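Contents: one structure, followed by commentary.
Here the chain labels run A, B, C and D in written order, and each chain numbers its own residues starting at 1.
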Amino acid sequence: MSNISFGAAKIKALSDLLRADKSVVVIGGAGFGGLEHSADVRPMVEEFRDRVLETPISELGFCGMGIGAAIAGLYPIVTIGTGSFAFEAWPQITNEAPNIHYMSNGGIKVPVIFHAMCGIRISGAAQHSTRPQAMLMQAAGLQIMAPAVSSDVGPLLNQVRESERPTFWIDHSLLFTEKWEEHGPTPPLGKAAIRKAGKDVTLVGYSIDLVRCMKAASELEALGINAEVIDLRTLCPFDKETIMNSVGRTGHLVVADECYPAASVASEVAAIFSDEGFGLLKKPIKRLNFDAVPVPANPGLERELMPGVEEIVKAAKDLVN
Amino acid sequence: MSNISFGAAKIKALSDLLRADKSVVVIGGAGFGGLEHSADVRPMVEEFRDRVLETPISELGFCGMGIGAAIAGLYPIVTIGTGSFAFEAWPQITNEAPNIHYMSNGGIKVPVIFHAMCGIRISGAAQHSTRPQAMLMQAAGLQIMAPAVSSDVGPLLNQVRESERPTFWIDHSLLFTEKWEEHGPTPPLGKAAIRKAGKDVTLVGYSIDLVRCMKAASELEALGINAEVIDLRTLCPFDKETIMNSVGRTGHLVVADECYPAASVASEVAAIFSDEGFGLLKKPIKRLNFDAVPVPANPGLERELMPGVEEIVKAAKDLVN
Amino acid sequence: MIPCIPRDELLDALRKMMMIRRLEEACIIAAHEGKVPGHFHVYIGQEATGVAVASNLGKDDYVYSTHRNHGHLVARGADPGKVLAEIETKATGYAGGKAGTLHGCAPDLNFPLSSGIVAGVIPISTGTAWAQKLRGENAVTAVFFGEGALEEGAAFEAINIASLWKLPLLMICENNTAEVERKPGQGHYHAPNFAVPNITDYARTMGLTALTVDGIDLGAVWNAAAEARERAISGGGATFIEVATYTWPGGQWPTLATGITDIRHAWNGEIPEDFKHCENWFKRNDPIFSVTREFIAENIASQTEIEELDAEVRSEMGKVVEFVEASPFPSPNTARTAVWPN
Amino acid sequence: MIPCIPRDELLDALRKMMMIRRLEEACIIAAHEGKVPGHFHVYIGQEATGVAVASNLGKDDYVYSTHRNHGHLVARGADPGKVLAEIETKATGYAGGKAGTLHGCAPDLNFPLSSGIVAGVIPISTGTAWAQKLRGENAVTAVFFGEGALEEGAAFEAINIASLWKLPLLMICENNTAEVERKPGQGHYHAPNFAVPNITDYARTMGLTALTVDGIDLGAVWNAAAEARERAISGGGATFIEVATYTWPGGQWPTLATGITDIRHAWNGEIPEDFKHCENWFKRNDPIFSVTREFIAENIASQTEIEELDAEVRSEMGKVVEFVEASPFPSPNTARTAVWPN
C-alpha cells in the first residue's frame, strides 16, 4: 500500500511527460478520471493550456486528429472520457491507427495513446459501463495497457512512449482512488507481474480486478489459503509465460475479468491451458466474468451480475478444498 | 454438395421473406454479396423497390435507422457492405441495439438484422478484411449468425426473424459462391451441427472456415484419418455442448477461425476445455487463426498469415499421429 | 406568447411544467440523500419546451430523448411516480430499475428509449419516422437532443437522412447554453464547440425547415411544434426547432442552486437572500415564472388560482415521493430477465 | 485557364498529367491480365486536380488520399515505378506489397497514408494540420477526398474541427459526379445522397472558405490551390475546394472505356469509331485534351512538341512497366515485419 492514489500517480506521470517534452500534447481535455475527478485534472490542463486541445463532442474526429498529429511528429495523449465513447471512434482506433505503420511497410510511425475510463462503475447503466478491452485485443497492431498499481503508471507511460506504438490505455472508473504501490523494479513492457507469491492457487487480474484479487488473496490467507496473484498489466502484448509458470506451481487458476464471458480476456487466459499450458491445471479454471446481460442501472442488480472479491474468494476455496 | 450457391440461397431466402411480409424492409441497398455479386442482388432490389432504402455512405446513420424502424414495428434487414464498415456503426450495433430491450425491461423489441461481408477476401488489404465477429461476441444482447451451408440460410433467417432479437449476420466474401447443402432437418437456433461424423479428430469451423474444414476432412479420409466436422452456425448463442460431446469421443480438436488469435472465437472454443470440458482433450488443441498482423495487400503475404485447408489437414495429422 | 387553446388546456400545460419542476426538485433532494445512483441530469429551466412539444403530439407519435429525459417523460404523460421510481432504480419504475435516470422510457406511451450516448438517439428517430412515412400513417416522431449533440457525426448523418427523405420528424434541439459565446476549445461542460454560430443556419443548409424559439415562451414553442407536426404529416418533411434557454445555475452535479421554487416569486418581485446572485433566473429565465406572469397578466388565472394549482402539484408530488420511498428495489432474480424477447 | 507560371513548369504539369494517364492505362491493362489483386480505382479524368494541387505544395507539406490515390502519388512526385509496383503488390513498391492499390503512400514525400475507408483520412489530416499550426511551421496539409465522403459523419466532424481551429488545411473535394442529379436513394456507385445541392454551401456554412472549380481547368485549380495555401499559412484557416468533373465512363470495375489515349485527338477533332458514344469525353471532359488544346491555342507548345512530350512519357511508362514486370513479389518472410516500430 502507499499514499499515492492511482489517479494522482496518473496525473503526475502525465504532467512529468508534458513537462519533459514539448512535443507531448493532450487532445480531449480533462477527460482523465472522468467527471468525478475533473477537479484533480484541471491544474494539469491549466499548466499546459497551450498544448491541450479541448475538443468538440466528436470522438471519431478527435481520435483521428490524434493519429494525424502523431504522424506529424507530436506525441498526442488522447483522452476519450468514458470507455463507451471509444465506440464512436472505433474506425480510427481499430482500423486506422493499428494499420498505418504496416501499410507503409514501416515508413510511418503513429505514436498515439488513447485513454478511457472503462468498466463497471456502479450505476453507469447499460451504455456507460462498457469494457472495450477484449474487443481491442482483436485489433492487431494496437498495444493495450491495463495497469492496476500506482507505481506502474509512470514507468508504463514512459515505456509506451518509447515503444512508439499506437496504444490504448484502459483506465477504470473505480481505480482512480485506489492506492496500491509496488516497490522494487518495474517489469519490462509486456510482462505480467507477480504481485503476491503463493503456492495453493493462482489469481489472475488486471486493472480494477487485480485490486480485487489482492483483497481476495489476503482474505484467503486468513483462511489458510496461500494465493499467488498475477497482474497482467498489459493485454497486448499478452504474457502467457508468467501465468503458465505460476499455474505450473499451483495447479489452480481463478481469473477475474469484468468483460462479458464470450471471447473475453478470461477466455484468452483459459485458452492457454488447452494449448501451450496443456496439463498444468489440476482442476478446471474458474472464469469470473460479468454475466452476458446488459448492465442494469440498479446497483443491486449490477452486483448480482458482477464478480467481486467475495466470488474470487469462493472460487479459490472451491478449487483448493 | 448441391447446385445452389450460398449467395443464391441468401438472395432467395431474403426475397421469400420480403414477399411473405410487407413489414420486411431493406436498408442499405444492394450490399449483400458485395460489389462482386451486386448484379445477382439487383433483381431483388428492383422487385421490392418500394421497400428498399438505398442509403448515403452513412453506416452509423442507417444502422441507427434500422433500429428505429424495428422499434416502430418493421423488420429491417440492414446491409452494411464490407464487414469493416460495421465499425462506422459500432455505437449503434453494440451500444444501442443490444441494450434497448433490457433498458425497457422488455417493453420494447428491436427485431433488426445487420448483414456484412466479413473476412479475408484475398487482397482486401488491412482495412477491408476485418472479422468483427469476436468483437461482437462482447456485446451482450446481440445475436450472431455465421452459417456456412446453403441449406441453413433460409431456415436461419426465419428463425432469427421469429426470435425478434437484434442480430448480426456474418457473411463471408468467399462464401457467396460456395455450394454446400445439407439434407435432413435444420437444427434449432443456437445449436451447432455435425456436418460429418468421425472418430479420430474434431474439426470446428463456421462460415468460410467450415467449408475449409469439410475440404480438409475429405483429404484426411484419404489419409485414413476419420475427422468429425462441427459447424458452429451461430456464435451467440454459442453451443458448447455439441463441441464437448464430439471431443469427448475424439479427444482431439482443431479449430479454424479467421479472427486474430487473442480473444477470438477459437479462444472461446479452446477455453471450454480448461473449464466445463476439462479433461476431454487427449492432446493440446490446435488453434488456427490469422496471425496477429494487419492484413497485407499481397496475396502471398496474406496466405502466409492465413490458415487454410492445408494447415487444417496438417494440424489434424499432427494430433492423430 | 400564450398558445391559442382553451383555458383548461393552458392550466394543464402549466400544471405539467410545475410537475416537472417538483419532480426534479425531489430528484435533487433524493440524490443528496444518496438515493439516485449514478450521474443524473435535470430539466429545470427547460420545462416549457417539453410540455409545449409533447402537448402537440398524438398518441401514435413516438418520442425519443437523451440523458436529460425526466421532463420529456412527464410532459408525454408518464406517471411521475414511475418516473422517479426508475430514477431511483426501484422495482416500480418504468423499467424495473434497469434503466435508471439515463435511459428513461415509457413503452406504453410510445416513448421507447432515452440514449445516454450524445446524439445516439437521433439516427434511431429517423428510422421510426421513416417507418411511419412508409406505412402512410398520420403520425410523426419527435426527438429531443441538446445543442452539444450537433458536434457528433451521428447527428449530421441523421439530419442528412431526415432531409433527403423528407421524414415526418420533429428535431427539437434544446440549446441550454444560449448565452455562452461560441469559441473553440471550451472545456467546461457542454460548452459549444460548434463552428456555426447560428445553429439553424446549419440545419437550414442541410435542407430542413429550421427556426429558433425562446425556451421561456410557451406559446412560441407551442406554435412551432404545432406547425412542425402539421408540416411533417402533410409531407413537408422534418423541422429543426432550436429552443434557446440560458444555462441553469444548478450545474453539472445538480444542486438546488435556485432553491425550492416558491411560485409567489413569479409576481412578488422578491429575490430570496441566498439567491441574489441568480437575479436573472427569478426575473427572466425561469419558464414557470414567466408563463405564470403571462397567465396572470392575460387573466388566464389569478394569483390565488396559481397558488392552488401549485399546492395541488406539490401535494401530488408528496404522494409520489411517498410511493417511491415505499417502493422496493428490484429482486436480484430479475437481473437476468428481459435480455431477449424469446 | 493557363496558370501564370514559366513555360517549362507548364509543360512539366502537362507531363505529370500524361504520366498519371499512362500509369492508369497500364494499371487497367495489368488488371485485365490479372496482375492487380483486389478492387482498384483509377484517376482518369481527374489528372488536372492532383497535378495542380500538388504543384502548389512545398516539400514539408503533407498529403493524404483515399482509395483513388494513384494520381495523387504521381502528382506529388512519387516514382511511377514504385507506385505501379505497389499497385501490383510487388516487393519494389512503396510499401513492399503490403499496401496495394487501396493504401498508396510515399513516406519520404510526406504522403503518409491513403485510407480505404471513405472519409477515414479526413480527421487524420486535421491532426497533421493542427501539429503544423502548433509548431508555427510554414507548412500545410492537403487532403483529397471524393464528394461521397461528405455523407460520412467523420467528414463533418473533421470539417467542424478544421473550421474551429482555423487549421492550415486544403480540403480538396473531388466531385467526379458533377453531372449526376442529386436526389435521394440512388443506388448506383457513389451516387450522391447528400441533401445539400451545392456542396460548397455546406462547407461555407461550416465556416470554411469554399469554392468550386472546373476539374478540366488546370489554371482554375492551380490558382485555387495557390490561394488556399497562402491563406492557410497566413492564418486564414482551411479552404474547401470542390473540383467538379464528370463521371468517367470507365466505371467502377475499370476498363479502357475511352481507349488508350491518342494525344492527337486533342486537336484533330476525330472521335474513334468504337468511342462515338463518348463524344463528351473527347470534346470536353478529358482534362489532358483540354489542357493540350489550351497550350496549343496560347502557343505554349506546338502539336509536334506535345507529341514529343507524349512519346517521352509513353516510353518512360514502357520502362516502368518493364521494371514492375521484372520486380519480384515480396518474400513470405516479410509478412510479419513492420507491425511495430520496436
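Following the convention adopted for this analysis, a contact is a pair of C-beta atoms (placed from the backbone, for glycine too) under 8 Å apart; a residue touches a chain by one contact, two chains touch by 3 or more.
Note that the structure is predicted; figures quoted are calculated from it, not measured.
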| task | Count how many hops through touching chains it takes, at the least, to reach chain B starting from chain A. | result | 1
| query | If every chain is reduced to the average of its C-alpha atoms, which one ends up farthest from chain B? | reply | C
| said: I'd like the Å distance between the centres of chain C and chain D, where a centre is the mean of that chain's Cα atoms. | reply: 48
| remark: Chain-centre distance (mean CA atoms) for chain A and chain C, in whole Å, is 37
| field | Approximate Å spacing (C-alpha centroids) for the pair chain A, chain D | value | 42
| task | Specify, in ascending order, the residues of chain D that touch 2 or more different other chains. | result | 95, 98-99, 103, 115, 117, 120, 151-154, 157, 160, 164-165, 185, 193-194, 339
| note | In chain B, the residues touching two or more other chains are 53, 55-56, 58, 60-61, 84, 88, 91, 95-96, 99, 102-103, 125-127, 140-141, 291-294, 296
| If each chain is a node and each touching pair an edge, is that a line, ring, star, complete or other? | complete
| request: Could you pull out which chain B residues touch chain D in their complex? | output: 29-30, 35, 45, 53-58, 60-61, 84-85, 88, 122-128, 291-294, 296-301, 304-305
| request: Would you tell me which residues of chain C are touching chain A in their complex? | output: 37-39, 89, 95, 97-103, 115-120, 148-149, 151-154, 185-187, 190, 193-194, 252-253, 329-330, 332, 334-336, 339
| said: With touch defined as at the start, can you tell me which chain C residues reach chain B in the complex? | reply: 62, 94-96, 98-99, 103, 105, 107-108, 112-113, 115, 117, 120, 122-132, 134, 141, 153-154, 157-158, 160-161, 164-165, 337-342
| field | Contact footprint of chain C on chain D as seen in their complex | value | 151-157, 159-160, 163-165, 184-185, 193-196, 201-202, 205-207
| Residue numbers on chain A that touch chain D, as the complex places them | 25, 27, 51, 53, 55-56, 58, 60-74, 76, 91-92, 95-96, 99-109, 111, 140-141, 143, 162-165
